[in-house]
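Next come two complexes built around subunit A: one with subunit B, the other with subunit C.
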Partner chain A sequence: MNSALARGMARKAGLPWPAPLRRHRPGDPLVPGTVLVLGGGAAAGAAEEILRGWGVEVRRNSGGAGPLGAIVLALDALRAPADLSAPALATGQALRQLVPGGRVVAYLRGEAGDAGDPVRAAARRGAEGFLRSLARELRGGATANGIVLGGETLCADAPSAVAALRFLLSGRSAYVDGQLVRVDTTAGTLPVDWELPLQGKVAVVTGAARGIGAAIARTLRRDGASVVGVDVPAAGEALAAVASQVGGTALQLDIVRPDAGQAILAHARERHGRLDIVVHNAGITRDRLLANMDRSRWESVVAVNLESQLRMNATFFDAGLQGLRIVSLASTSGIAGNRGQTNYAASKAGVMGMVGASAAAAAALGGGINAVAPGFIETDMTAAVPLATRAAARLLMPSLMQGGLPVDVAEAVGFLAWDAAAGINGQTLRVCGQSLVGA
Partner chain B sequence: MNSALARGMARKAGLPWPAPLRRHRPGDPLVPGTVLVLGGGAAAGAAEEILRGWGVEVRRNSGGAGPLGAIVLALDALRAPADLSAPALATGQALRQLVPGGRVVAYLRGEAGDAGDPVRAAARRGAEGFLRSLARELRGGATANGIVLGGETLCADAPSAVAALRFLLSGRSAYVDGQLVRVDTTAGTLPVDWELPLQGKVAVVTGAARGIGAAIARTLRRDGASVVGVDVPAAGEALAAVASQVGGTALQLDIVRPDAGQAILAHARERHGRLDIVVHNAGITRDRLLANMDRSRWESVVAVNLESQLRMNATFFDAGLQGLRIVSLASTSGIAGNRGQTNYAASKAGVMGMVGASAAAAAALGGGINAVAPGFIETDMTAAVPLATRAAARLLMPSLMQGGLPVDVAEAVGFLAWDAAAGINGQTLRVCGQSLVGA
Partner chain C sequence: MAASPENTVPQASRNAAGGVRPAVVIGGNRIPFARAHGHYAHASNQDMLTAAIDGLVARFGLQGQRLGAVAGGAVLKHPRNFNLVREAVLATALAPDTPAYDVQMACATGMEAIGSLANKIRLGQLESGIGGGVDSTSDAPIAVSEGLRRMLLELHRAKTARQKLAAVARLRPRDLAPDAPGTAEPRTGLSMGEHQALTTAAWGITREAQDQLALASHRNLAAAYERNFFDDLITPYRGLARDANLRADTSAEKLASLQPVFGKDLGTTATMTAGNSTPLTDGAATVLLGSEDFARQHNLPMLANFLDFEAASVDFVRGREGLLMAPAYAVPRLLERNGLSLQDFDFYEIHEAFAGTVLSTLAAWEDAGFCRNKLGLDAPLGPVDRSRLNVNGSSLAAGHPFAATGGRIVATLAKLLHEKGSGRGLVSVCAAGGQGVAAILEAR
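Let's look at the complex of A and B:
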C-alpha cells in the first residue's frame, strides 16, 4: 500500500498519522528558520550570542511575526512559581509560528541546591512539568527538551550546555522528545567543525554487524571517527560489510569472553593507534514470562548485556585511557519494566546503575560514561505490522506518533561521544519520542 | 449493562477485563494466605520475624506447595548482577501459587553509596528493572512493589520499613504497583494498633467536600484520626455533610487567602486542641492547549495547587508544630506531562519539588512531608464512558487493567500520615496501577 493511500485511509478512519521527522543531513541549516529567545534567565543572552555565532537569525520579541525554526526558553533564573507564568504564556503565543520539525529548547536549573528553599524548588521542578506537557502538545514532528544546568554557577556557555543546545536544535535529536539533558560541570571542549565533531577519534562499536549497531558505526564515521566494528564470529560476513562501508576495521569477538576488553584495546591500538570511544551496543533478548524463565535464558541475557560491559569497562579504566568516552545502550524496558522481559529489564536497568556509579572513574581520566535508552525503534520487521496495529501502537507515542529509526539512537550515541559532552556524565538519555512507556 | 454481561461481551471481543482488587476492610487478614520469604539478604530473617509477629504464616522454602498470599524478596544484599539470578528464578517458580490479590514485596538497597562500585550499582539498579517487569506480569489484581533501604546500615526492621511492608502487603496498597518506597532513616514509631494507626491524631484535609478529598477524610477517620474538612464556601453544604459523616469539623476557607495557614491552625487548635496531619488535596484544573492558554487559567491553577501550599507550609513550619506530617497531592501529569495541562503539570511537578526541598525542615520538627501522585482514578464520571473506550484506556494500565478509586489514593495518603512513616520523607508515591503514563 502506498503511503498517500494509507494516509488517506487513516484520516478517514480517524487514526493518527505521523509527520515526517526532521533528521540531520550534513550541510542542512541547524534550524529551519529564525530562533525566538524568551525568558529572563542569564541563559537568554548567552543563547543569543551562541546562536548568532552559528549564523542563526535570532529574535527576542515574542510579539514578532514570521515562521520560527525554534524557541529557546531561558528558565534558568526562576525563583518562585510565579516566575514561570510570563515565559510560558509567551511561548504559547509563539507556538503557532513554529514550523514543522521545529524545536523548543529550555534551559532549566537543577534542584541540588534547593534543600531548604521549597519555593525555588517548586519553580524549578514546575518548569519540568511544563516542558514535558508542552512536548506532548507539539505537532508536525516538532519536539521540546531541556538542558538542566546542574550547579548554581554553571552557565549556559559551558561547553556541554552549548553542545546540548546544538544537538537538541539539530535534526540529530529528531526522536528525543520531552527529555532533560543534565550538564553538571564545565568540562569539555567544543569541536573545530560541528559537522565533524569526532574528527581524529577512534571508536569501537559492539554488535556492529546490523541494526542499531550498524547505524551507530555509520553515524560515528559520518561525524569523523575511525570505526572498529565488533561482533560475534557468526555475524562475520555482515560485520565485514559494515566495516568496509565505513572504511573501518572488523573485530570478530564474543564480548562475554573474559579478555574481551583486552582484545578490543589491542586491536584498536594496533590498527588505529588509539582508543577514544567505546559504544556498548551488543545485546540480546531471551523473552519469557518469569514463571517460565529458565536459568540459561536469565543468565545469558545478564552476561551479554551487563556483565560483559562491567568487565570491559574495568579493563579500559585500568588501562588509564585518557579522555575515554563510553556510551552504553539501555532501554525504556529497564526504566518502566516490560512484560516478558524481567531478565532484559534487569540487565538494562543494571546498565543505568553502572554508568551512574562509573561516572567519577571516567571523569578522573577526563572522560565520561553515559547510557542511551531507546524506546520503540522501527525496523524492517515492524514495517510488516498491519496498519491498524501500528496506529494503535502510536497511541502510546502520542507526541510524534511513530517509532524511531536506528539512526535516531545512533545520533544520541554520537552526541554523547563528543568531547564537548564531557560535562554530561553518569546519565541516561532516552530516545523514545516521548513514549508513554517509561515516561 | 450488568457486570457479568459486560464481562462476557468483553471476553468475546478479546478485550481485557479487570480482576477485582483486594482492598482493605478492617478486620480482614493482612494477606490472603501464607507468605513465602525468599532471598539471601538480612531482610529475609527480619521479615520472617516481623510477619510471624503479625500472626502471618511464613514459609522459607520455594519448593513447597500450597497457595501463597504474598512473596517477600530480600534483595538487600546484592553485590553483583549474578546474585539476582537465584532469587529471581525462585520467584518465578513460586508465581503460579500466588493467589488473586496477592503481593510481591522486595527489599532493595539504594545506590547512594555505590559511586565507584559499578558492579554493585548494576546489581541494585538491575533489581529495580526486574521488579518493575515482574509487576507487569502479575495478574488477578496482584501487585509487586519494593522497599528501598536508603543507607548501607539501615535494616528491614526500621519502623518505616516495617510500616511500608505492612502497607504494601495489605489491601491498602491495592492500586500501588511497580513502585519503590524509599526508607532513609530509622525515625518513626510503630502504632499500638495497626487497625488504628492514626489514633489520637488531628488531621486537616483541604478540598474535603467531595471526590478524593472526601475519601481521604473517611479513610483518616476510619484509621482513628479526628478530621477537619476544609473547602471553599461554595461547597459548604457538601463539606458539612462529609464533616458530619466522619464526626469531624468543617472549615469554610479559600486556601488561596494569604492567612489560610493561620486560619487552619487556629481552627484545629480551638476545636481539636492540636494539629498533627495536613493533607493538601484541594486542586483545580483549567485545561487548555498552551497556544490557547490565558493568564487567568495559568495563574489560578498555580495559585490553588502550588502557591497556597507553599504559603501554608511556611506557616505550619514557623509555628514549630512537632511531628507534623504533611501529604500533598501531585499527579502523574506532573511526572510525564499531559497534553492540555501545561499549567496543571507545572503545579503538580512543583508540588514534588516542594516536598523534596521541605523534607529537612519537616524532619527538624520530627515530622515529614511527602506527595502522592494519582494516575487515572475512576469516578462517577468515568463510569459513563463507553465500554470500548474504557477497554482501550486499559491498554495504558496493562497490569491491573482498570483505573483506581478515590479510596486507593486515600489509603496512600493515610499511610504517609502514620508516625511510623517518619523515615519516608521528601518523596512522591505513585498510585497509578503501574500505568504506562509516567512509569
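Let's look at the complex of A and C:
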C-alpha cells in the first residue's frame, strides 16, 4: 500500500498512525530536550545528579514551561497506594510537553514476589499498572518504562541502574515500551565511553547470517566489540558478508552439534584471545497447529532453540570464563502463547526458564545471563506470517502501532551485554513495542 | 628405452631447507563445485574467485588487510580477464593495495600459484599470500573464427573504400561459425579423455579398478561432509552448499552400467565412462599461506608447512609418454630432493582427472621397468597404501574446475594433516600439455 495515501486516509478517518521511532545514532544527544525529574523517592536526587553528570538539562518542578525530552519519575519510596496519586497526576500535567520520541522512566522498588507488607506491596504493584497504562497513552513514538530497584536498600546510583537509565532514555530503547528492568545488585562497572560500551570485548553471535542476528553483530561491533559470527554451514555465504561488514570472523557451525560450545570457545580464544559475550540468537520456527504437529518439527525446534543453548552454556560455565555475559533470544510467543507455535513457544519459554535458573552460575563467575523477548520484528521470519495477522500484529497490538526492526532487538541485547549491566541477571526484557504478538 | 636425462631423478640434490623459513598453510576456502551449466551457469570466473576469496577473508578476519600477494588463475579465460586475480581482489574485502597476479599452467595452475607463493614466503619476500584458482566451463569464452578475425583486423587497417570492400569480400560463410574452446590437445587433436584412454589401455587398467576408485571417491567425499570436515573449508555460493557432482548414493552396479565414452576405437575393450572420468565443472578455491610470524601475529592457525614442490613435463606429442603421466616423474624427483621414499606419507592426494590417470601413475611407480628405464631408478618406488589415498574424496566426486583443483587439494590435505597432528602428505596433479606438479606438505 502507498504509505502516504494510507496515512492520509487514516488521518481523515481519525485513526491512529504509527510515528517514526527515535533510534540511536552515534553522536546524537541522549535525550531530545530537558528532563523533568518528579517524585519524592531518593532516586530523584540520584537521577538528577547522574543526568547532570551526562550534561543533560534537568528540571525538578512540574510547573515550568518548554518542551521535555523525558520525564524521570521516582516512585521508589511508595509506602501506601495513596502515595502514587501526586506523582501520577503531576506526570499527567507534564505529558503535553513531552516531545515526539520522548521517554518516561520510572524508578520502582520491590522484593521479588512482593514479600512483606501488603499495603506497601499494593502501592508498588500499583505503580507498575500505572506505568504500563501510561505507556499505552503516549503518542509520537514516546515510551514509558521502569527500573525496579531490587530489595529495600539498592540505590539508583548502582551501576546497572545507571546503565538502565541510560539505555531507557536513549534511542537504543526505541521499541522497548511498558517494560520493567530489574536491578538486583550493585555489580557492574560503568564504561569509559558510553558510545563504546563494549570496547575491547569479544562477542559470539549465533545465527548471525541474517535478520536479527546480523543486526546484533553490527550493533555489537558499532559499540566496540570484536564479533565472531556463527551460523549453519549452509548459510555461509550470507554469514561471510556479515563477518566482512563487521570486520569479524565467520564460524560455520551447526550449534546442535554436541561439541558446538567447544568449537566456539576454541575459535574465540585462538583468533581473538578471549570470549566475553555470547548471544544465543540462532533459532528456527516449524509452525503447525498441535493437531498436525509431527515429531521432527517439534524436536528440531526444541533442539535448536533451547537444548543447544543449555549444552553450550554448560561448556562456557565449565570453562570458568570470568565476567561472561550471555544473552539469549526468547520470544513474546513464549510469554503470551501463539497459535501454531506450541513447539516454538515451548522452546522460547524454556529459554526464559533457563536464564532465570542459570543466573546464579553466571553471577558466580562475575557475569550474567538474560533473555530478550522480541515481539513482532520485521524480518524474513515474520514476512512469512499471513498478511492479515501481520497487519494486526504491526498496527493494532503494540502501543507503538508498528513492528520493530532487527536493530531494536540488537540494542537490547547490546545493553544486557554491557559490563555495567552486571546487576541485571536472570531476567527477560521484552522488545515488543508493548505488544504480545511475536515470532 | 633409455631414460631421457632431463626427466631422471638427479642424485643427491637435497632440499636446501636450511636457508629458508617455513611457509605455512593457514587455511582455505572454496565454493562448492558445480557441474557445468548448473548452479553457476551465470557466474563468471571473477564472480566465483571473488566469492572464494571473500569467504576466506571472512573466515580469518582479514578485512581491510594488505596481504603480500594474491596469485591464481583460470584455464578457460576471456581476453577481458587479462588481470583476473587483481580484478577479483579489488572486488573483495581485502585492502585494495594487495598485489595480485595471474598464473596459468593448465590444471596445475592452482598448484603453481600456491607453490610459488610458498617459495616467496620461504625466502622472506612475502609474509602472507592467497593462492588458488577458478574455472568456469559454463561461462567459457567463445571466439570468432580465424577467418572472421583476420577479416576484421584487415578491415581495421584498410584505408580506402576499395580496401575495405576487399577485406569484407574475403569472408566465407564458414567463417561465421564461432570457435568454442575444447579440451583437445592443440598438437595432437585428441581430447584429454582419448589421451588418457591410450595410457589406461597401455597400463592394462581394468574397468572394475577404475569404477572402484570412483566409488571410493564419492563415498569418501560424502563421509567427509557427514563428519563436517568441510565446515571450515567451504563457503556456500548461489544456493549451493555441497559439491553438485557428489553422488553419495552411487554404487558399483550403477557405475558398471555406464557406457564407455573414451577409447572406443583402440581395438581393446573401452573402460572409461562418465562415472570414472571427471565432468566439466565450475568453481573456485583459495588457500591462505603465511610465515609463522604472520600466523602468530594475527592469531591464525598453522595447519601444515608447504614443504616443497616440483613440476615435470613429458613428451606426449611423439607418443613417448602418456599425456597425464608427468606427475609420475615429478614425484620421484621431489622425493629424492627431500630424502623421502614414496611410503613416507600419511596421506596421498592424487588428482583424479580420470580414475585411469591415478591408477596408471600408481602402476608406473610399482613397475620396475618404468622406474628403471624412465626414471633411472635402481628399484621401483613401490606401492601406495590405498587406505591413505584421497581419503576425503577427490575430483571424480567433487568435480574439477581446472585451476581450482590445486587449492581444493592443498586446503583439504593441510587440514587432514593438522587433524592427525603429525606426518606428511603428497600431492600429485596432472595437467594439459603433458605437465604435472607434485608437492609435499608436513603436519603442524
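The rule is short, and it goes like this: the second predicted complex is superposed on the first by the 405 of 439 C-alpha atoms of A that agree within 3 Å, B and C clash if a C-alpha of one lies under 4 Å from a C-alpha of the other, contacts with A are read in each partner's own complex, and residues count from 1 in each chain.
In this text, a residue touches a chain if its C-beta (ideal position, glycine included) is under 8 Å from a C-beta of that chain, and two chains touch if they have at least 3 such contacts.
Everything numeric in this text was worked out from a predicted model, so none of it was measured.
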{"item": "Subunit B versus subunit C as contact partner of A:Gly353, first or second or both or neither", "value": "first"}
{"item": "Contacts of A:Leu289 with subunit B and subunit C, given as first, second, both or neither", "value": "first"}
{"item": "Subunit B versus subunit C as contact partner of A:Thr249, first or second or both or neither", "value": "second"}
{"item": "Partner chain(s) touched by A:Gly340 [first = subunit B, second = subunit C, both, neither]", "value": "first"}
{"item": "Superposition-derived comparison: subunit B or subunit C, residues of subunit A touched", "value": "B"}
{"item": "Subunit B versus subunit C as contact partner of A:Glu49, first or second or both or neither", "value": "neither"}
{"item": "Partner chain in contact with A:Val119 - subunit B first, subunit C second, else both or neither", "value": "first"}
{"item": "Subunit A positions touched by subunit B in one structure and by subunit C in the second", "value": "none"}
{"item": "In the complex, subunit A residues that touch subunit C", "value": "233-237, 239-241, 243-244, 247-254, 257, 270-273"}
{"item": "Residues on subunit B engaged by subunit A in the complex (per definition of touch)", "value": "81-82, 84-85, 88-89, 91-93, 95-96, 111, 114-137, 178, 289-295, 298-299, 302, 306-307, 310, 313, 333-361, 392, 395-396, 398, 434, 436-439"}
{"item": "Residues of subunit C touching subunit A in the complex", "value": "51, 54-55, 57-61, 63-64, 93, 228, 230-232, 234-238, 241, 299-301"}
